[in-house]
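Chain lettering (A, B, C and D) follows the sequence in which the chains are written, and residue indices restart at 1 in each chain.
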């Protein structure tokens, strides 16, 4: 898995604080451009994050380029609808190279690893046979596995990113998308440390919401703002 | 592929016409409940459809249950973000039965069919080995192919459904999602014949928008409203 | 305020339970159409509502026709983006009749009522003068007050409706949109009593999330599912 | 009207071209970060803009701070749902100063101007009386006019911004939001001149879509890409 932070709104905490300040203070657009002190930025962020009035977080966004993840992962990822995606197409780009993701549970078991590798070899062998027989790539790909590597660019605003991290850093999420989420958090956190200080699974900020389906192993609690 | 129209807004054309009428006429909520004549409904629909002011179409929605489609298809389908989905989970439901979709180009070629079938057998054999070795279903599924059958329920409002049909009935869409789109159109059309009379690919209503990538074989033009 | 439930998905609880069942059970589209027992419906709903996995709630939707509310209210209402709206236009429909909403705090104070009524008379007097002077309705309306009555049709799916009710039944919401929310809840509740049994402000289901801005007068707790 | 471009994705054309390139080329995340030549950027943009496959445009976004516009305008603006807003609240910020927007049709007519000014004076006089009588600001504002000035921050991605400009630069849009749209276009255009070269009303790129409601005075056609 190779994840890069391609782009983000410059100075996200200031951008968000400026937008939030407009709602509650008798300032106009021109004053928003004036420098707020770091303390003032922090104070506004504390208010909106504590109160849960999160709309101002939408004024900063993050673009990640994600490579070497499975189609199992991307199918989960694109279910998050408040985001923008561009994904490498298996219809137009031939997957000539055997590139696939192996789950850690499989890697840890020699017998399972053998069965997995055999499946990968068989899949790509069929794929190449189909291409050789003149089957279009968009149809030949039907034999490719969920494990097949894909690439995707995703843009989320900061509010949706926090929501995504809440759901996908949770230990009930599948390991691969959880690894992605934790990586995205690690990349985003330095750009807005106060906003992301308690980001991640819900158990960092309060009780587990999963009820009887809890994993029973909560993350350490985040510091209070 | 088994597609059922599970639910739709009762009397969709009337529901849409009533909402549209509110904008432009000095009527209130109570009068909206009064019967509009069929002619009045038709007249309002003609106005909004001709002018492209389509927001009122959002007040009717359609729910389809879709079975026997590939994961290749569902990955394309869920990219339509203005819709609601529930999909059968490969994490929680084991895919014990070898159920998969075969592209027509493969079916038409004996040699390709053999390669395809071999790939399917190998995939499920590995899948069952992994399960037998104690690998969780959510990880074992990494060897399952894009062809593996899935089931999904989708709800779209009428405006988004028309947009979906425009994109996915187009002959440049892949055959499987085009078949789905044409089936959805055939199911929805009787519930609102005036609205759906020119639904489908853009070429039914005007020039092909695909430019140099056109298929060159437009659908027959729909009648004018 | 005159609020009517114009339309809703037939048998919403069954529609939602059927969609949810697809995810976790080895059933297909055809079986979804089979009758689930009332008990089975309830059991599925309990699972998704307790766990917070609410996506299946999006497969039922509600359309309300709302009349006699202020433009102050509709400006708040349309900020809910996951919904569909058609509103009576002040650009195209002249507001000849003096129709406006009076806040209860004003009604309760004779002196304030007099100032308010004077403002309404002056506003419409100017409005009519402007129309008489040939000013287009879309510009004449600039003198009309926030209190001016409007009409709007809104469609929300059940998930978004519950979210709307959480925010707008809260006593920190303004009285008018709270009255609207409570009316919408009263209209929707009989169509899906199990789903709406704990709908409304967050304090019905747990602690107040407003922190130091709490009203301090929580609603009575809803029964546990 | 005072409109500032508060923030935008750095180098928007490059950001968009990189995301688009991932779909169709065998490159990965790391290569996306490599410099594409200006020519390569232009070539990718030409392809996606000509074909109408616009999803990559969502990876760049723009934040505008808008001041001195009427509540009539903001009520129209926030109907665009694929955007993020923070607006100055009339519930929490008292509108002590008589600040309002006068339509040009009114300004051009002395008699109308007098009626308009009288209405504004009467509205704020009542507003201040209500506040003095102890009516909360959120209720006193019911007497304030549509003309009352508001401030709002809006963030749109580039795809939605182009759509907004198509609708709101059109001469059938009301003069005030058209002025806003033209200003936003003038501010965004230097950041991505190739993308915005034909932005604005639909008539810049083809026939008027408004049918019998056309204004009959199309904008000059934009150059072809």
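Basically, contacts are C-beta pairs under 8 Å (C-beta built on N, C-alpha and C of every residue); 3 or more make two chains touch, one makes a residue touch a chain.
Since the model is a prediction, treat every value here as computed from it, not as a measurement.
Enquirer: Could you name all chains that are in contact with chain A and with chain B at the same time?
Expert: C, D
Enquirer: Could you pull out the chain whose C-alpha mean position is farthest off from that of chain C?
Expert: Max centre-to-centre separation from chain C belongs to A.
Enquirer: So which has more C-beta pairs touching, B-D or A-D?
Expert: A-D
Enquirer: Distance between chain A and chain D based on Cα centroids, please, to the nearest Å.
Expert: Spacing between the chain centres: roughly 29 Å.
Enquirer: Taking each chain's centre as the mean position of its Cα atoms, how many Å separate chain B from chain D?
Expert: Chain centroid spacing, chain B to chain D, equals 32 Å.
Enquirer: Name the residues of chain D that each touch 2 or more other chains.
Expert: 85
Enquirer: Which residues of chain A touch chain C in their complex?
Expert: Listed in rising order, the residues of chain A that touch chain C are 50-52, 209-211, 213.
Enquirer: Show me the residue ranges of chain B that touch chain C in the complex, using the header's touch definition.
Expert: For chain B paired with chain C, touching residues are 2-4, 6-7, 9-10, 15, 18-20, 22-30, 32-33, 55-56, 58-59, 61, 63, 65-68, 84-89, 92-93, 151-153, 155, 157.
Enquirer: Would you mind writing out the residues of chain C in touch with chain D in their complex?
Expert: Contact set of chain C toward chain D: 70-72, 74-75, 78-79, 81-82, 85, 90-91, 100-103, 105-106, 109, 111-112, 115-116, 118-120, 122-123, 125-127, 129-130, 133-136, 138-139, 141-148, 174-175.
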